[in-house]
Amino acid sequence: MDVLLTPDEWTAVYLSLKVAFWATFWSLPFAILTAWLLARTRFPGKGLFDGLIYLPLVLPKVVVGYILLLTLGARGFIGQYLDAWFGIKLIFSTAGATVAAAVVSFPLTVNAIRLALEAVDRGLETAARTLGASRLDVFISITLPLMLPGVLSGALLAIASALGEFGATITFVSNVEGKTRTIPLAIYSATHMPDGDAMALRLTVVSIVLAFGSLLLASLVDRRIRVLIGRT
Amino acid sequence: FATARAEEAPTVFAAASLTNAFQDIGKLYKDETGKDVTFSFAASSALAKQLEAGAPAAIFVSADTKWMDYTENRDLTLKATRVTPIGNSLVLIMPADKAKDVTIDKSFDWLAFLGTDGKIATGLTDSVPIGVYAKTALTNLGQWDKVRERVVGAESVRAALALVERGEATAGIVYSTDAAIAKNVKIVATFPADSHPPVEYPFELVKGQDTPAAKALLAFLVGPQAKAVYAKYGFLVK
Amino acid sequence: MIEIDIRLRRPGFTLEAAFTAPEAGVTALFGRSGAGKTTIIQAVAGVVRPDAGRIVVKGEVYFDAAARIDLSIERRRVGYVFQDSRLFPHLSVESNLRYGERRSRLSHKPIGFAAVVDLLGIGHLLGRRPHTLSGGERQRVAIGRALLSQPRLLLMDEPLAALDEARKAEILPYLERLRDGMGLPILYVSHAVDEVLRLADVVVALRDGRPLAIGPVADVMSRPEILPVIGRFDVGTLLECVVSRHDGDYALSTLTFAGGELRVPQVAMPIGSAVRARVRARDVALALARPEGVSVSNLLAARIEAVRQQEGPYADIELVVGETRLAATVTRESVDRLTLRPGLAVWAMVKSVAVESRSPDFGGPG
Amino acid sequence: MIEIDIRLRRPGFTLEAAFTAPEAGVTALFGRSGAGKTTIIQAVAGVVRPDAGRIVVKGEVYFDAAARIDLSIERRRVGYVFQDSRLFPHLSVESNLRYGERRSRLSHKPIGFAAVVDLLGIGHLLGRRPHTLSGGERQRVAIGRALLSQPRLLLMDEPLAALDEARKAEILPYLERLRDGMGLPILYVSHAVDEVLRLADVVVALRDGRPLAIGPVADVMSRPEILPVIGRFDVGTLLECVVSRHDGDYALSTLTFAGGELRVPQVAMPIGSAVRARVRARDVALALARPEGVSVSNLLAARIEAVRQQEGPYADIELVVGETRLAATVTRESVDRLTLRPGLAVWAMVKSVAVESRSPDFGGPG
Amino acid sequence: MDVLLTPDEWTAVYLSLKVAFWATFWSLPFAILTAWLLARTRFPGKGLFDGLIYLPLVLPKVVVGYILLLTLGARGFIGQYLDAWFGIKLIFSTAGATVAAAVVSFPLTVNAIRLALEAVDRGLETAARTLGASRLDVFISITLPLMLPGVLSGALLAIASALGEFGATITFVSNVEGKTRTIPLAIYSATHMPDGDAMALRLTVVSIVLAFGSLLLASLVDRRIRVLIGRT
């Protein structure tokens, strides 16, 4: 395989996948919860909350990264406690890259899930409750399966945008070899080298392959889900 | 659709690190000649690629010689017009409250200086010019292999500076000009001039855009009034 | 006892309903489209919150606006068959059926899976997804799902409207058994007079969100004010009877009521059982003298109490048979031809009789 | 002429239906739940594509697998009342009603907005959104929407199931008028025998995707093989009659048929009109001698053709009145008591008669 | 108002709004068409098409910008004809910035619209066709109104991501004041100036205000739509 990519590049690919996977994995439950709060509940300050969710999308990613630095960096006003209490250092670490990817993709995930959630017929939820299911039970047994295509779509967007995330990552965790150097960072570097075109191209192709791979996977899963929930 | 017309104010492609100096000089030029200048500040690489794609800029100012060579080699800029009026030096900085002066030479013990977890912030070591210079310098000092895992590459020199300002990195390698304007950081050492190629900012006219107006502007950008501004921002003026 | 006393306002519609339904019996909600039937059922299920009032089922307070009680839907344990079937599209028919069953906390489940599947004829559909079912199939699965949740109260909103007669004829006796054998109270919405007469103990006739008449089915269904709802042809009399004889050869049974005997198709109940017989007014013909040599097997000596001429061709005749009142509908022409008048002794010829399987013990209407 | 000859396979279900329906009349699709009624209607509407076969409506080929013709849904101009109402949730009731009307390219719209709104009693709902409607209200709007699209063919899938009797009684005559006055062919699915008998010219009885019986309603509805579908109490005879006399005083009309006369509630048709009268077998009682002094106004001299004993308490008696056959159901006990036997001359007492507004002119069944 | 922002900053804000608006405006019909193709049709190569749509999300924005430069630049294989035939030069132009923003936000818009489209009951579409409406008519009179919340959500995402777009813009159309210097580019420039922090902060706040503004607008419109289509 070394014919195709250098070991460094393989490292970047591996790291990208890891970051994208974990960013999506960890943010999904929160995204579902957030989407549920936005779609199915009313609470004071909901408008503000709704706005906050979209912020990472509106702000330049570099600013997002800078805000992460200010808050979650080792001297950040949350980061210092993470460090002091749990010994968690996000800055310059893969974990930090994951957090950056998760934050940036969060609004996309929430939006996709929310749309799917709003499309779930509330009459079915009511029917489930008359059959003795609690709210939580209804959510797990009815709502969640019915909104799976949306969750999947959200996860796909999350993975895709995590794979493409650059600005927030580099600003927050910088580029440490083997720790935070994801494909976009490698590509960015390559495009800034006068002789980097070949490398940039290779990595771009890898990105595309990964994207198609995840899309393919997603559409396979999606088809199965659709067959299951009868929306073929 | 708006289209860029040739008779508009000439556009200067400039490395982002020149932002403040050029904006001042742009005002001086307007006062002097009554003419406008348009600047586009971005990474040298991006600008070079835009030139390659046919961007109708008049003057290209790169943050290193490599990208100027790149455009020259592709016959995009006029080699004959190259001037290198300003340079910079590489310095080691630390947060002001932790600063302790050191001397950088081949025997300097970087690991001891950084402590167990410490990091040095600079630009991306394979692409952002400051990072490339830093890597070359450390290599020439025979230290690169020891510290490479401690080097964190930021997207720009400004981002590296921020990491030091915030105290996230123990130290940083930046240009002296950046160090001069930064708050809360202190220069603790300057890299020996022979540890890296000279930091230079070559200027060239873009091929096909060498109008009299562009030539006049280039002359102004390397003229005495401009040089005063460069000096004010800490550049080495030749 | 099921007490319902609720008020609920919507733009252009106000529901104000107070009635009491028997704890173990069927209460039919009857009324024209838009009268508020579904709204009442939804309030009992907890799907819709009334503005004021109380709902108490078998001693448990489901809702009490004054006391700020509003039991959550799932704790009400109602089996709700919705007007639209609302099957879960992502679950197979079997999983739909099991959904409520699994969530019922009863250790002994009186309503069995196999029995319900069999009754509803949906065994061959168990592996299918709801979107592949026909309208009637869907509705049957919805009924099964509600039954299997082992409810304390069954709410049925036109459950049989989409079903063919033969299927209805199978399901109705089952609902009767549920009502009788398990003491399961049922709130039942239907436009089919037959179903209501057959199943219901109490009828609540609604108009524009307000009860028009509440009471035992025999009472309510013969009141003239509800004629616009049920249509005149279905007026009739309910007779409380006792099974007194079986005639196996002819597959007939004899029922005794206060005033005479009726021969009816054999009922599968022991002698002495209480049953309810329904005689439609239009199935009663009158004769001045005892007719001989006629195929009509029920000839009752009667006296005319009242003759009410109506618009159109008909007249309503009120008869007394022994101690029992019986309604008959004849043409006005016949009234004149036979000079029917109050006090006249006549013979009532009753051609067909529908028999319900049990005698009601009403929870008195509120 | 409407020709339908289609084959369609689904896992566990095969539809194979070929029949011809009259060009201006009602064809009822009858059958138990899951028999394939909705599927046929969907094929005619173009919503479902058969695997093979042909569908031709009034000379226009809607579908022809061999010739690769498959007319697009919108060009078929069918008015489809779906089993679920399918109102557009984002449009007001009025806009729903107008949706098809606006898209109809007819310059003269024979089906008028005001008339339909009035008939369906939905005038007060015009400004409302579908989600605020009750089940029956929704169904009425759906019927109106289909009618107002000025269809060339009406497809109705259990349109009246959710409606109360009184509303049905208003809508049915309107459908009859559409059928008669405008020559609008109707494919009609219903489980209600009354509706079918009243409206239908041709009945297609389906079982498991295959026609069990096809033919004029009078024929099909009295065949024993469809008893499981319609339930035995509704067997009857359809008599083709002519209005011969009106008796305004008593609001009665006299109908003449080949074999006698019937007195029925006044029909609003001129003398000489052809009408169809339906006599349910269980509404016919027999007497050995002409009964005197009875309220039954229709006494027909008849002869017994056949006596068929059945299981249970009943026997089917086939009578001939003049040239006309008439079915009667009596108890087996009566058969023995009166020694009813073929050849015996008897009097048939017909207590009630349902009259349809016109005589059918069948498109012969295929 | 100059108390709050400098004229240069106002220019950036105005430009950002203009770019975000037009990017969304022009891409919306294409996004709707694409979503419709993906949700309602089958055609050979659909998988590939689907993948292509998501590419701008997966690739680092700098690469997207670079690809735009290669294709739509003055020497690009499409760009040269744009120039020669129509005199359209995208580089340095607001139009180019708009194109960059549109390309980057396209996958998000498509995804949101597609989810909403898939949630539209096809039974209603069928019903409309039996009432004589052609496919196009059905789409306009039934499908589109019913998926409006999704379209709105897609437009919001598009505006948000256009407001935050940096990498593709600076790579494709450079950073020219008054033409292509949107808020994110202005923030970038600000961070390269000695007194830039205050400016960067000001512009960040402006971004946030804009985001909340568009959200507020969207949620108002959304509520109206929901009332109209009875999904309250």
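All chains are identified by letter, namely A, B, C, D and E, in their written order; residue positions are counted from 1 within each chain.
FYI, a contact is a pair of C-beta atoms (placed from the backbone, for glycine too) under 8 Å apart; a residue touches a chain by one contact, two chains touch by 3 or more.
Remember, it's a predicted structure, so these values are computed and weren't measured experimentally.
Undergrad: When you check each chain against chain B and chain E, which touch both of them?
TA: A
Undergrad: Check every other chain and keep only those touching both chain A and chain B; list them.
TA: Output, common partners of chain A and chain B: E.
Undergrad: Taking each chain's centre as the mean of its C-alpha atoms, give the chain farthest from chain D.
TA: Computed centres place B farthest from chain D.
Undergrad: Would you kindly say which chain has the C-alpha centre located farthest from the C-alpha centre of chain C?
TA: The chain farthest from chain C, judged by C-alpha centres, is B.
Undergrad: How many angstrom lie between the centres of chain D and chain E, each centre taken as the mean Cα position?
TA: 57
Undergrad: Could you state the distance in Å from the CA-based centre of chain C to that of chain D?
TA: Roughly 26 Å separates the two chain centres.
Undergrad: When the C-alpha atoms of chain A and chain D are each averaged to a single point, how far apart are the two points in Å?
TA: Using C-alpha averages as centres, the distance is 60 Å.
Undergrad: Could you say which residues in chain C touch two or more other chains, in rising order?
TA: 84, 132
Undergrad: Can you list the chain E residues in contact with two or more other chains?
TA: Each of 62, 66, 188, 191, 231 in chain E touches at least two other chains.
Undergrad: Would you mind listing the residues of chain B that make contact with two or more other chains?
TA: Each of 46, 49, 159, 162 in chain B touches at least two other chains.
Undergrad: Where do chains touch, given as pairs?
TA: The complete list of chain pairs in contact reads A-B, A-C, A-E, B-E, C-D, D-E.
Undergrad: Hey, which residues of chain E end up touching chain B in the complex?
TA: Listed in rising order, the residues of chain E that touch chain B are 62, 65-66, 69-70, 73-76, 79, 86-95, 170-171, 174-177, 179-180, 188-189, 191-194, 196.
Undergrad: In the complex, go through chain A and note every residue touching chain E.
TA: Per the touch definition, chain A meets chain E at residues 47, 50-51, 54-55, 57-63, 107-108, 111-112, 114-116, 118-119, 149-150, 153, 156-157, 160-161, 163-164, 166-167, 183-184, 187-188, 191, 200, 204, 207-208, 210-212, 215-216, 219, 231.
Undergrad: In their shared complex, at which residues does chain D touch chain E?
TA: 45-47, 72-74, 76-80, 82, 84, 86, 88-90, 99-100, 103-105, 129-132, 145-146, 149
Undergrad: Within their complex, state which residues of chain B touch chain E.
TA: So the residues of chain B in touch with chain E come to 1-4, 11, 13, 16-17, 19-20, 23, 38-42, 46-47, 49-50, 52-57, 156, 158-159, 162, 181, 233.
Undergrad: Under the definition above, what is the set of chain D residues touching chain C in their complex?
TA: Interface residues on chain D, with respect to chain C: 10, 12, 31-34, 37-38, 83-84, 124, 132-137, 139-140, 157-158, 161-167, 169, 191, 193, 228-231, 234, 247, 250-252, 263, 265-266, 282-283, 285-289, 291-297, 311-314, 328, 330-334, 336-338, 340, 349, 351-352.
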